[in-house]
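The following blocks contain the structures, represented as structure tokens.
The following pair of complexes shares a single chain, subunit A, combined with subunit B in the former and subunit C in the latter.
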Partner chain A sequence: MTSTRSRFSGYAVLLLALAMVGGLYTAFGAPKSKAADGANQSIAIEEGRQLYLQGCSTCHGLNNEGGAGGPTLIGVGASAVIFQVESGRMPLAAGVAQAPRKKVKYDRTQIDQLAAYIESRGGGPTLPKGRLDDGDLALGGDLFRTNCSSCHNFAGVGGALTRSKYAPSLKPADERVIYTAMQSGPENMPRFSDNQLTVDEKKAITRYVRYITHEAKDPGGAPLGRYGPVPEGLVAFLVGIGLLIVITLWIGARA
Partner chain B sequence: MATAVEKGASGAAVWVDDRLGSSNFIKRSLNKVFPDHWSFMLGEIALYSFIVLLLSGTYLTLFFEGSSREVIYHGAYTPLKGIPMSAAYESTLRISFEVRGGLIMRQIHHWAALLFMASIVVHLMRVFFTGAFRKPRELNWLLGVGLLVLGILEGFAGYSLPDDLLSGTGLRIAYSIALSIPVIGTWAAFLVFGGEYPGGEIIERLYPIHILLVPGIILGLITAHLALVWYQKHTQFAGPGRTEDTVIGSKVYPAYGAKAGGFFFLVFGVLTLLGGLAQINPIWLYGPYDPSQVSAGSQPDWYVGFLDGSTRLMPNWELRFWDYTFSPNVLLPTQVLPGILFGLLALYPFLEAKLTRDRAYHNLLDRPRDKPVRTALGAMSITFYLILLIAGGNDIVASIFHLSINEITYTLRAGLFILPPLVYVATKRFCLSLQRADDELLHHGIESGTIRRLPSGEFVEETVPLPPQYSVLLATTPERKELTSHGAHGDHPAATPAPRGFFRPRGGVIEPAPEKAPDGKELEGTVD
Partner chain C sequence: MSDSIRDRLKAPAGHGEQAGGGDTSRSDVTSGDFVQTDSRSAHGPGQTIPSPSATQAGDGGTGLVGGGHLSDDPKRAKRAEQAVAALFLLSLVGVIGFCVTFAAWPYEFGERYFELYTPLLGIFMTLSLLGIGAGAVLWAKTLMVDEETVQMRHQLSSDPKDREATAELLKKGFEETGLPRRTLLRNSLLLGAGSLAILPVPFLFGFGRFQHKERVLAKTGWKAGSRLLDELGRPVKMGDLEIGGAKTVFPDVPGGRRLADSAAFIIRMRPDELKVKEDRKNWSIDGHIVYSVICTHLGCPVKLYEQQTHHLFCPCHQSTFDAADEAKVLFGPAARNLPQLAISVDADGYFVARGDFNEPVGPSYWERKPHYSEPKYNAEAGS
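Then we have the complex of A and B:
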């Protein structure tokens, strides 16, 4: 007996000591926030999963595997969720050529929970920390004209794509939506990974888009929708020629 | 009582006349008569827009640098700071943001260009539908067609000069159009652009073309155009005293001169309003031209839009013969089609004269309804043109109305061939119906609204004879003159209800037919 006890008592003491040290460390020594974050994160993921099961799983599948109604969400990352849900495009209302911008169905906390859940399912692009719109304006303009204006138009008012699809107006998009659109490449839009456009370059584009859609004044007067020469031609005929013909009628009547 | 001013004026006149002997010419000129009708002023809009173009363009040349030399931008517009660009684009930015009054001048210049072309087209329609192009005025029609084509070229050159993203996109298409010419295409494109696109010389070449060569030719043609109107006299609608041999209207001095001078300032006013209130071609938003960039919604100005439209509607056919590529997808819509369209336009007066065997002189205008075939042909052509114009903006239409661009293109492709013939038939029927209504008016007169009961108990509605200025206008053929002589029934005094709109009575009173020219109007023989 004695030999048996002495053989095991050493291990027991060791175990006890380890448990005590571990317990004390957990109680007093560990960085509290991280533990809380981890706990919050897992809560967020769980909350997100519940939201997902209620609002998204019909089309995207119970395990994000996708189906006839929607693509798989494994590996799309938090950015795709933020873009789609924060712009009101998801949940989809009807099967149309392209998901239109609608009233947002979730609040910011719920969107972050959904994003955390999808992020936990295979990773993918996420929003960088810090401000998204403090990039270089001139660089952003140049990159915008190279990468974006061919579909979204020089002033970001949008344009037509084939078969009822379209590049939407960028005016209602906030910084998070603009940035995550570039990261996730929704619909027909190409994806701009950090290797194609660096974080700073994407921030510069975000800055420029916000500038032309919200800050840039039109020093020349009425912007005519910033659609280019088509509305200008219409105004030339409807306003210019229209007004001048009324004037000729007036002069003609007085002759 | 001669005042000092009058004495001075006559002294000056004598001084000039002693040296130039021009008093006879000036007297004749000041007594020249122009007929009054609102539609005769449409061409004047083009003339006055051109004057505004010359004035505003001169101001712009003081600051514009027509050079593709590369510079780094350090001007007032911060979103382009540090971006490399051409000197042409930089100077256009300087005009827009730093030169005093530069932006409004640029905008007035651009609006004036759009209105110059628009008024040429509206004027052309007036001349076409009233048959003003007929003998002896075919040459002036040709001058007008020349002005239209030159205006398009001049406008395109101006559109290309700022060297912004839109300009460059247009030039890129112009290069492709040159490339599509069979056999010599490549050499032609190299010749015009000075090498492979963008070539580095096109701005330098377009600048003198835009500010000197083409405007000079346009100015010359306008002078010839007006001189011919002067020499051949303006056409007019038929009316009492207005015959093939007599022009009735206002004298150049003072009535017509005052009217035209006032109208110039009204045109200038409208252009200034547009230039000050409506932003046109915001080149700072387009950015400098870079061949790797393009914007959605890149369109030409409206007068080139029909060619953009024909290109968008054209199926993408490309043929290869051994080692040679032949591109009907670009050649047909951008060169063959306008060649045919402008060719037909220029030849129309001669074709019509030949087909109708009409060799007579015409100084009186047609009412469009009285020439149903011509009017229907015109309406058909306008339909064809409008479909091309809409096709040129198919992406904007799709974007604004949330339509599929493919469906729009298919619809317009079909419409291009189906709609014009339908419009032809409908317009012709419409004209014939209007003629019948005119016959009715001539034959029965205007409904007076008075019902008379005859002793027999029968009710008849009384009608009033058509006032002479209308019966003369309507009685264009011998058969119609015959109709007029029957006149109306019922006995009415000489003062008759004045017509309103399309000859419906409104109870006012008009004067009996004038024996001579109305007050303030002057008669002039058509043959000097």
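Then we have the complex of A and C:
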């Protein structure tokens, strides 16, 4: 009995000690890290530069000046990096009409380092501080339908563009990718500046896209790709006619 | 009775198609006591029905006639009766379910299970209709006496005597009108009635002075000086769009955002990418250019803008326009460029329209006159 209690009390003391260390670190360590923010930033930029030279400079040039293989990255901002690398589109595997979404080659830390490096090369749009997923859903719906749905479809499943280009489905994109896509205007997507769609409006659109691609139900049961009336009509026609044929056969068959 | 039915069923189907139509019909009539003939027919079936009609009348094994019957097996008949009764009662359940759902099921958005309201109504209505229908079919297939009957057609033409009498009557009536003798009457009637044929001719040449002069189809809501509002009603100003940006805009007039024909699309591209001809040099500003979003083919919204190729793409029939070059047609069924809206910037830096589109927007129509408002822009080009 006594031994059991002492074992538990040992854990309790350990927990208390850990909490105190954590508290002390927050109280005294945090201001220090803020002071060292600039130094951390320059370390991140240097790490990002190394990653860039290894993985990106072949096409985008040793000084981000661009070349035959890829555009200049001066002034594209951190958002372009986050969108392209975090969705797996960069590094590009082959020269095709449009970069497809692939397996992501870098982890989140490396992506942020790359982004910090590119951001240091002429600025450009960056992700805002704070959460991206707390936007106004109804406003997001309004803005999505006027600004995005013409290419990405009302349900965000994407659609065709000219000459084998396409607007991709928005389903695999997370909040960061959706938000940075609007900021950076990748490939043929128009770019939406903060004057055109404010930070809150972009957050609202981000929230709405996540809602329609992940939370919205399909009241009819099957989404049919959410392409709208064409597949729905086809299914209604085939199922309806098929059912009518079966019923006709049953009525006409000998019992 | 049932034996004779079975014998009939064993007989080869499609007897009417066998050779010698008339004879076959006659044998049908005489061999079975259940064969009916048309009582209205005054003539014997064998005489008046030529062989093609007999083929149709005899139901040549078209499958409309069922074969099963359970009247001689009380146990199976009982089961079939119960199945039919169950279907009829299912119909009752459907009706009750429909009424209860209609009256009591939650239907307002957000209520618990509200999304089942419409499907339940549909399911119960289906049950109510399907139960009666399926029950009736099952009833006919299993319990009703099943027999093939031949119903003879009567001759379509009337009795020759009747026909002669009618012709005589008509002839006499015509003579009594006096038309054969009174030529003035006859000719004036022909002239007056014949002129009625001319009555629709004016409509072939349009409605003339009643044609609408307002040019409602040619005009949109844009007026000189109206600002370009976005979807939330905010005016768009210089600098709102980055290079590569695009936005749907509406005229700043009452109800402007609901004017379907006035929706326009402002695009900003690098000024050196924009090909501006001399006659349109005051229509765009610093790489900002505005086009109608309504496709000149069939009126779909052309808002699929590719910022690198400057293609404007119509999702309905793949018409492709070059936004960098007066929205000329690159591909697809559209016959004309997208109409352009000339813009300038007012004292506060906001974009304003300098008039209506240079052409009527949207698909073609009969009275469409191209370029009707174009000269106006260049007349006021000094602003």
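One rule holds in what follows: the second predicted complex is superposed on the first by the 212 of 255 C-alpha atoms of A that agree within 3 Å, B and C clash if a C-alpha of one lies under 4 Å from a C-alpha of the other, contacts with A are read in each partner's own complex, and residues count from 1 in each chain.
Definition applied: a contact is a pair of C-beta atoms (placed from the backbone, for glycine too) under 8 Å apart; a residue touches a chain by one contact, two chains touch by 3 or more.
All of these numbers come straight from a predicted model, not from anything done at the bench.
J.: In the superposed arrangement, which partner chain does A:Pro219 touch: subunit B (first), subunit C (second), both, or neither?
T.: The answer is both, since A:Pro219 touches subunit B and subunit C.
J.: A:Asp142 in the overlay: touching subunit B, subunit C, both, or neither? Say first, second, both or neither.
T.: The answer is both, since A:Asp142 touches subunit B and subunit C.
J.: A:Leu244 contacts which: subunit B (first), subunit C (second), both, neither?
T.: A:Leu244 sits against subunit B, while subunit C stays out of touch.
J.: Identify the partner contact of A:Lys171: answer first if only subunit B is touched, second if only subunit C is, both if each is, neither if none is.
T.: A:Lys171 contacts neither subunit B nor subunit C.
J.: Check whether A:Gln196 is in contact with subunit B, with subunit C, with both or with neither, and answer first, second, both or neither.
T.: After superposition on chain A, A:Gln196 lies in contact with subunit C alone.
J.: Looking at the overlay, what does A:Gly158 touch: subunit B (first), subunit C (second), both, or neither?
T.: In the superposed model, A:Gly158 contacts subunit B only, not subunit C.
J.: I want to verify the contact counts: of subunit B and subunit C, which reaches more residues of subunit A?
T.: It is B that touches the greater number of subunit A residues.
J.: Have a look at where A:Ser150 lands relative to subunit B and subunit C in the superposition and call it first, second, both or neither.
T.: After superposition on chain A, A:Ser150 lies in contact with both partners, subunit B and subunit C.
J.: For A:Asn188, using the defined touch cut-off, is the partner it touches subunit B, subunit C, both, or neither? Pick first, second, both or neither.
T.: second
J.: What part of subunit A is shared between its subunit B contacts and its subunit C contacts?
T.: Of subunit A, residues 142, 146, 150-151, 159-163, 167, 219, 251-253, 255 contact subunit B in one complex and subunit C in the other.
J.: In their complex, what parts of subunit A are in touch with subunit B?
T.: Interface residues on the subunit A side: 97, 137-138, 141-142, 145-146, 149-155, 157-164, 166-167, 208, 211-212, 216, 218-224, 226-233, 235-237, 239-241, 243-245, 247-249, 251-253, 255.
J.: Once bound in the complex, which stretches of subunit C touch subunit A?
T.: Spelled out, the residues of subunit C in touch with subunit A are 63-64, 66-69, 115, 137, 141-142, 230-232, 239-248, 267, 301, 303-309, 311, 313, 315, 318, 320, 331.
J.: Would you mind writing out the residues of subunit A in touch with subunit C in their complex?
T.: Checking each residue of subunit A against subunit C gives 142-143, 146-147, 150-151, 159-163, 165, 167, 185, 187-193, 195-196, 217, 219, 250-255.
J.: Which residues, counting only subunit B, touch subunit A once they are in their complex?
T.: Of all residues in subunit B, those touching subunit A are 36-39, 41-42, 45, 78-83, 96-97, 103, 107, 111, 114-115, 118-119, 122, 165-166, 250, 255, 259, 262-263, 266-267, 270-271, 274, 276-282, 285-287, 290, 292-302, 305, 392-396, 398-400, 402-406.
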